[in-house]
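Here come two complexes built around chain A, the first alongside chain B, the second alongside chain C.
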Partner chain A sequence: MSKASFLRSRWFEDIPVGEFHVFGSYTLSEQEMVDFGTSYAPQIYHTDPDAAMNTRYKGLIASNWHLCSIWMRLMVDYMEGYSLGVVDGRRNGAGLGFQDLKILKPVRPGHTLTFSHEIIDKAERILKNKWGVIKSRNEAFNHKGELVMTFTVDILAERNPDNLTK
Partner chain B sequence: MPIIDCKLISGYTENTRKLLAERITDAACSSTGAAPEFVTITITEISPNNYMRGRTQKQPAKAPLQSNDIIQNYLNAMEARDLKLANSFIDDKFHITCPGNKIFYSLEDFLNWGKVRYKKIAKDISSIDLSFNGLDAFVYCHGTLKGEWLNGQSFAGIRFIDKFHTKNSKIISQEIWNDLDLMKEA
Partner chain C sequence: MKSSTPIYFEDLDKFATFKSDETTITAQEIRKYATQFDPQPYHTDRSAAEGSIFGGLCASGWHVCAIMMKLLSDVMAKEKIMLIGSDEVPSLKWKKPAFEGSKLHAELEFKGAKIEEADPDFGIIKCDVKILNQNQQLIMDVKTTLMIENRGSDSE
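Presenting the complex of A and B:
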């Protein structure tokens, strides 16, 4: 069994609290911040480097939603790496929602963020006699090692059928 | 005064026979309380022509790479950031448990996590100790860490101990304890 098969074939019961993944690092450019801001967060501190100098942020900063979108992209790419060549994709279900999104430091052009994902809780409840719920803490750290973003996500994970009511 | 005679099919290297004698000595000392100088080990080699099991003559198996050597090679590869080589020492189910009960399943993730904690890090190893339970070996490596924080300040003398579980010449798990986070806050 390969590493990818081992990780992807686990049931809810096999996944430990504490499991830790690093989705990767990403460097934001000024142009990318402006493009995202112009399309989805049209506030001058996300769209206009000069005008942003006169705001309380004293320069361009990335939108919260931009950071979340980068997290999403890195997460999918990372998880796809584990699913390559694996037919059995039973482990993951849908996301049930985000909680407690916090942006703790401004992210500026040229900053490199590293995104981590840690499983922090496994609820006892069983949904539709099939799914368990796994809570993860997701964080982004800048190039100085400072925490800049944090939120939690609940996702479904399939329970071992041998442990469910027949 | 234990006197232990081992019969071995001939063909094992001198190093393997010496290692066997050392470990039998240790086993005798720990189980009987005898001091090493009172434990005598003799090895009698038997020609494969004079050795038969299950109606078949046998040849000696190749001695495995010793667990302490596996760990030393793995740590050297990790310090050199040679992930291809480091990955060759680990089992598919390998995981690293770090302080705070963070469980990593890939060496790449472990090294990437380090990038937001320090610029570089290296181990000064005081000793590598072994214990066994059948084919399972447990390797304890301890010493101090040195390196450079992200702000450019250097650090040294930070205690660590790593416990490794190996089986069939592969590393199954690594458990890490150290004072890195305590020293960072200091």
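Presenting the complex of A and C:
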């Protein structure tokens, strides 16, 4: 069994608090930052490298939502299709929401970010007699090892049916 | 409070409310974002999505975040409020899926200053954002903060 299919095959009960993963690294290009900004975050410091020089950021920076989007992609890649589970009977579900998203350093073209993920809590509540809620702390570090982004996110994981009300 | 002159932090009504224009989210747009950032079947494949937890093709939650940013940016630009960033989102909840064809809009409510003098160049305002669909169903519920430029700052 591959690492990814092992991770996806576990029930809520099998996922230990304290488990730590590094999803991988990603280098942002100027073009993709401009593309994202043009579509979704049209401030000039996200869309125009020259005009951005005259803003408080002194150059182009990535949109916060672009960084979150990249986090999602690296998680999906790490899990090799992550929530495939919901379609074919395996066991990871949708996100419920996040807390305390903080952006601590600007991310510029050419910066390489490394994303980590730690399971920090498992909720007692059971949703729809099927799902548990896993809370993780997620962090992104830049090429200098500086923390640039942090948030916690709540994601559904399927409970072992043996433990549920029939 | 539509204005023809720029609104800086000092001038801002810190309890103002706004409603954005509506945007329709197409299957093509859902797939384009998902292919790049969230390639899970319920965001990329209509038939797989129909058998999923969601029951139909729907936008990635992070795609809805990006759409919120566009709607919010458009409101700030229209109102000439000098938004210069956001470095903290205390809470965001995905309440319902945004299915293909959904017409989404944002309702913004300023909740007062978080920090009056966060920096010589800007103040920070608390802002609740609700993303609603054409049936007034709550799709996403957000508590965010916005950095608004001070009058006389040299950040531009």
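We take it that the second predicted complex is superposed on the first by the 151 of 166 C-alpha atoms of A that agree within 3 Å, B and C clash if a C-alpha of one lies under 4 Å from a C-alpha of the other, contacts with A are read in each partner's own complex, and residues count from 1 in each chain.
What we mean here is this: a contact is a pair of C-beta atoms (placed from the backbone, for glycine too) under 8 Å apart; a residue touches a chain by one contact, two chains touch by 3 or more.
What you are looking at is a predicted structure, and each value in this text was computed from that prediction instead of being measured.
Contact with neither chain B nor chain C is seen for A:N129 once the two complexes are overlaid on the shared chain.
In the overlay built on the shared chain, the residue A:T27 is in contact with neither chain B nor chain C. Comparing chain B with chain C, more residues of chain A are touched by C. When both complexes are overlaid on chain A, the residue A:T114 reaches chain B alone and has no touch with chain C. Legend: residue contacts after superposition of the two complexes on their common chain; A:E19 is shown touching chain B, with no touch to chain C. In the superposition on chain A, A:K3 makes contact with chain B only, not with chain C.
In the overlay built on the shared chain, the residue A:N163 is in contact with neither chain B nor chain C.
By the document's definition of touching, of the two partners only chain C reaches A:F98; chain B does not. Judged by the touch definition given at the top, the superposed model places A:G145 against chain B, while chain C stays out of reach.
Residues 36, 39-43, 45, 54-57, 63-66, 68-70, 72-73, 76, 81-84, 86-87, 93-104, 151, 156 of chain A are the ones touching chain C in the complex. Chain contact summary for the complex, chain A toward chain B: residues 1-3, 5-7, 16-22, 24-25, 114, 116, 118, 141, 143-145. Looking at the complex, you find that chain C touches chain A at residues 33, 36-42, 48, 51-54, 60-63, 65-67, 69-70, 73, 77, 83-94, 121, 153, 155-156. If you check the complex, the residues on chain B that touch chain A are 92-94, 97-98, 100-106, 108-110, 112-113, 115-117, 150-151.
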